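Some structures are shown below for you to check.
Below, chain A partners chain B and then partners chain C, in two separate complexes.
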Partner chain A sequence: MSTKTKKGTGGTLSVLWQGITRSPSGFTGMCIVVAILAFVFLGRFLVDHDNPTDPDALWLPMSGEHWLGTNFEGKDTFTKLVLGGAEPIWVGALAAAITVVVAVILGALAGYLRGRFDDIVLQATDITMTIPFITVLIIVASYFRNISPLMVALIIGLLTWPFLTRSIRAQVLTLKEREFIEAAKLQNLGTTRVVFVDILPNMAGYIFINFIIAVTNAIYAIVGLYLLGLLPSTAENWGLMIQQAWQNSAYLLPRALPFLLAPLAMIALFQVGLVLVTRSLEQALNPRLRER
Partner chain B sequence: MSVKTPAPPASAPPPTRLRRAGRVALRIWRSYAFRRFRRGVLVVFIVTNAGFFLMRAMPGDPVDVLAGQISQRGVSPVEARALAIQSLAFDPGAPLWEQWWDYFSGLVTGDMGTSVTQVGVPVSEVIMKVLPWTLFSVGAGVTIAITLGLLFGMVMAYRRNSRVDHALSLIASILGAIPNYLIAITLVTVGSTLLGVINFLDMRGRYGQGVQPGFNLDFIGDALYHGILPISTYAIATIGTWMLVMKAATTEVLGDDYVTVARARGLTDKRIALTYVGRNAVLPLVPQVAIALATVIGGSILVEQVLAYEGLGLLSLSAVNNRDYFVLQGVLVITTSCVVFTNWIADLIYGRLDPRVRVSDVEASS
Partner chain C sequence: MPEQTESAPLLELSKCEQIFRTKRGDVRAVAGVDLEVRPGKVLCLVGESGCGKTTTARAAAGLTRPTAGWVRYKGEDVNTMDSASRQAFREAVQYIHQDPYASLNPVRTVYSTVTAGLRRHKLVKTRTEARAKAAELLELVDLTPAESYLDKYPHQLSGGQRQRVAIARALAMGPQVLIADESTSMLDVSIRVSLLNTLGRLRDDLDVGFLFITHDLAVAKYFAWDGEIAVMYLGEIVEQGPTPQIINDPQHPYTKALISAVCEPDPRLAREKKTVRLRSSEIPSLTALPSGCTFHPRCPLFEPGLCDASAPPLSLINGDARRLACHVVARDHGPARAGAN
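Up next, the complex of A and B:
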């Protein structure tokens, strides 16, 4: 049985890989994402982490010494750009992982068990979906004055699971009527075994796509929190750069523009890359979409 | 969702008037619309409770904020605290359950309490000062996005796999991916500094300084002028999603038999596109409009912060910062009821249009 599951996920993987490499936009998206990941996670080993405040070098324009100029404190913008990407990306990925784990467990069990459990889960998704997400995020963020990135990930993860829960539940509802699940049930294999070994691997590709979508949502939220000035301003973070640039009216000063536009472009490009990847993956998994 | 159809009582006793009325009441109580309504009220209640307790669990309370303001005028901290407690319309020292009862019993009669920071002003007044602005900017932006999105989506579906379709699909995906507040920043930066076509310092806020709010041409023109940035932000940020959704919906309809039959009957392409394809493609999107409005209003807080547009979003942000319990609870009540009841109405409309929804939501996925 275990070999069969492995083969199943291997099949999904190769379908996904083909979906990316064969679609021009998907391939571009993947290149953008990989390039930004390399820039962020390899770049931090190549730049000098020491980035002192220099009152004589405020808002310097782009030059050979300061590739993207300097910011309002005289710090090198390029160094900040390299160092500032790690946090939004790993917090986004962690938050997305929490969302997906919660959604998969609740959605799969609700769809499979139905009855009372299903009712409760549906009710809970109803309530969580109605809560104004950003407002609650703001309340919680100001609750913990020095909130750690880990907590941010946890909060975002715990507030965004309902949408995915619903669609996974709907998929399980249709999957569980199929013959191979009937067969598994007749063998008396037990609920956890049927749900997690027989049903879920069939949705691996779909879950993976939703993980990427969850990453984009989480990055939206964490950058937004920085923009509202609700997270500690000590870390290196693209969101914080945008907030500081905006607060100091950097948009009015042409030579200060890199400090505002560089992190903005990085976030926008990363989001666009992820979305292009998900679209080509969706088409690969669901050939009917290709004709649409 | 399993549906229990009301079973007719097995042995019907002689129908008296009272019994008949009771049965009608039971029928209403069990009807689809009313079941959804009860659920909506429950959701609003739970969300308001969450806001109530979360706010009170936060470090610092309105007394601290008010006392801080008062002591800036040269009053000693102890006196400032006493003054602050006096000026509050509620007793911050009362036990939590008493505050809870006071608030929710007031809420039932429509009384949302008074603001803490703007001493003595009813919350409903505070909210009504900003709500129209958010509704105006979000509503106009989303309307533009939906109208253009549906149009482009239909064009894309008709020209499937053409160059136009590929280009528009790409643009739609890109627009849908970029966070709305980044779009606002980009609009301002590109428009003011790089192109020099707009003057952001002049366009911030909801209306110009010298303009009197009122029903006159000056004010309306000025409000529209200040609305350009938020409205175009909301429009650009949401149009991509609508284009893609409409394209998928139209493509689905184009394959249906009745379209083929309409063609065979020799109807003009325009008539088929509008009355046959367009109408049937748009119908399933009705519930999505309500959800979309809710998400955009929720995300308005970030756009309003960037553009300094004093709407509901900025109000809730300042309410959190000033620990203005009642204003924040009021905002939560208003926004969640808006979301819940527009959803409810959309569901009812859609349930009339497509009876399958009332029975089950299983098919939606397959």
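Up next, the complex of A and C:
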């Protein structure tokens, strides 16, 4: 115990590490997430990017040469699986980052400062909340035909922040009346410090969990757009694999199933990993739960 | 000690008034209070719940702006001072909250809580220096060995330890005035005394002035024996004077009632003790204050036509340091002895 508390003083990172390793399910989740990230972002340096179309090798079953068989164009499924993960993951992370950063800054300041700033932020959230982002995405995607993944991330990020903004604002409204915030004000610590150093860490767990939920939502959104065939079919993307598998009726052919199931499994596994990680993050970021 | 009473007040409230506007009418929480806190002295504010003690303390700490009157620190109005003076005021006047479970940030360690102000205002240069300073402060409030407390979180501490951390935080800025708002009322009796002794050391050794708020006259008597007591009732001070005089020879009927309500552990003395009977135990609403002296509906000395006609001024009686706001007592005792003045 004493060695653990010693380590705890080392810094935020070691504290986080302890929290994550304490809960078995959270640790499993983190292993899954790290494994998938490695598979996707390190794997792309190990596979041959040149994955030629081969009319003689359509729908080959799993073999030593083609670990997951080949697809309807004779391309290696495993290679496509490795290459197709980067886009949904970074688009999801970017969209979530935009949502969370905007929500945290606007929500915290609106709740803390009140007044005109609060009024403006509330108006903006009301207006933005009424825009259904899936519909907007579909309209924009079908109108422009080939919008970039960056655009997708921006649209998702800029249309989903109001929900989190509202709940962060509500929490700041109660937290700022607490006596320890008054004590911080009495020491003239300054608005930015009080908001971002004294108030926000009290909801760090909540914010992290929302970040991860935002990641999963954004991944589903971009995969969904591919599935609907609304994004360019030239990219490497798990969503596109599912759509092509579906369109080519891969589900009717047992040896073609890996092309459909592999990307589905990756997406599902990644989401499960993220959800499990939130549990230990909660533990890592709340000093009360950290003890156990 | 007697010379010090002549030193200039550090913190001064004059005609301080706080009116809260509510839907059911204006609530006059504090009505024209004059108080002075001097270095190394204790000014104790007593009164029942809801009489405006905390509101007064918050105005004194600059947390709220009084609707009328002034709060002055070293002669300068706290609410109009420039940012440099305000910084000096913030450092010099610190506030200790009532509830140590609410006044410490649950996600920050003791070290981080205690040194936040020091680090922010660049009063310490390095982490080593900050830790040394934090350890020093914790030792000052009897949290020893200090090293073992630095990395603890509030939930790992007991109520008494938390309150000591809160005091250490207040002391970090090197305050000249401490405003303690019922700071010991949440603690066990045994811890309360040791904490009062700690605060007493600060008062005597560091010459810190105290505005000490309590509803417990025993605590007031223990801690403010060399200082003054001001008794508040419905936002007004009804009696103010040196502690021994107020405790041993209360004059205002309200003070008498308060003192007679203190429990006497010795049953023989308790039986002999005269209890002051109030005509009513109901506290009037702040939105509908009684006319004249606000205490008259409950006062045993009530005289119709005198007490409900005009509000009694807070004036010196007996030619001593005591001030009192009561028509009847002033008439019966005041003029006779005022001749000696």
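The working rule: the second predicted complex is superposed on the first by the 227 of 292 C-alpha atoms of A that agree within 3 Å, B and C clash if a C-alpha of one lies under 4 Å from a C-alpha of the other, contacts with A are read in each partner's own complex, and residues count from 1 in each chain.
The working rule: a residue touches a chain if its C-beta (ideal position, glycine included) is under 8 Å from a C-beta of that chain, and two chains touch if they have at least 3 such contacts.
A quick note: this is a predicted structure, and the numbers were derived from the prediction, not measured.
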Next on the checklist: Just to be sure I read the superposition right, which of the two partners does A:188 touch: chain B = first, chain C = second, or both, or neither?
Outcome noted: second
Checklist entry - Looking at the overlay, what does A:179 touch: chain B (first), chain C (second), both, or neither? => result second
Item to check | Winner by number of chain A residues touched, once chain B and chain C are compared | outcome: B
Next on the checklist: Between chain B and chain C, whom does A:171 touch in the aligned arrangement: first, second, both, or neither?
Outcome noted: first
Checklist entry - Which partner does A:97 reach: the first (chain B), the second (chain C), both, or neither? => result neither
Checklist entry - Of the two partner chains, chain B (first) and chain C (second), which one does A:275 touch, if any: first, second, both, or neither? => result first
Item to check | Overlap of chain C and chain B interfaces on chain A (superposed complexes) | outcome: 291
Checklist entry - In their shared complex, at which residues does chain B touch chain A? => result 1-2, 39, 43-44, 46-47, 50-51, 54-55, 57-59, 157, 160, 170, 173-174, 176-179, 181-182, 185-186, 188-189, 192-193, 200, 247-248, 251-252, 294, 297-299, 301-302, 305-306, 313, 316-317, 320-321, 328, 331-332, 335-336, 339-340, 361-362, 364-366
Checklist outcome for this item: Counting only contacts in the complex, chain A reaches chain B at residues 25, 114, 122-123, 126-127, 130-136, 138-140, 142-143, 145, 167, 170-171, 173-174, 216, 219-220, 223-224, 227-228, 242, 246, 251-254, 257, 260-261, 264, 267-268, 271-272, 274-276, 279, 289, 291-292
Checklist entry - Residues of chain A touching chain C in their complex? => result 5, 8-9, 178-190, 193, 198, 201-202, 204, 286-288, 291
Checklist outcome for this item: The chain C residues in contact with chain A across the complex are 61, 63, 86-87, 90-91, 94-95, 97, 99, 102-108, 116-117, 120-121, 151, 153, 155-156, 166, 169, 173
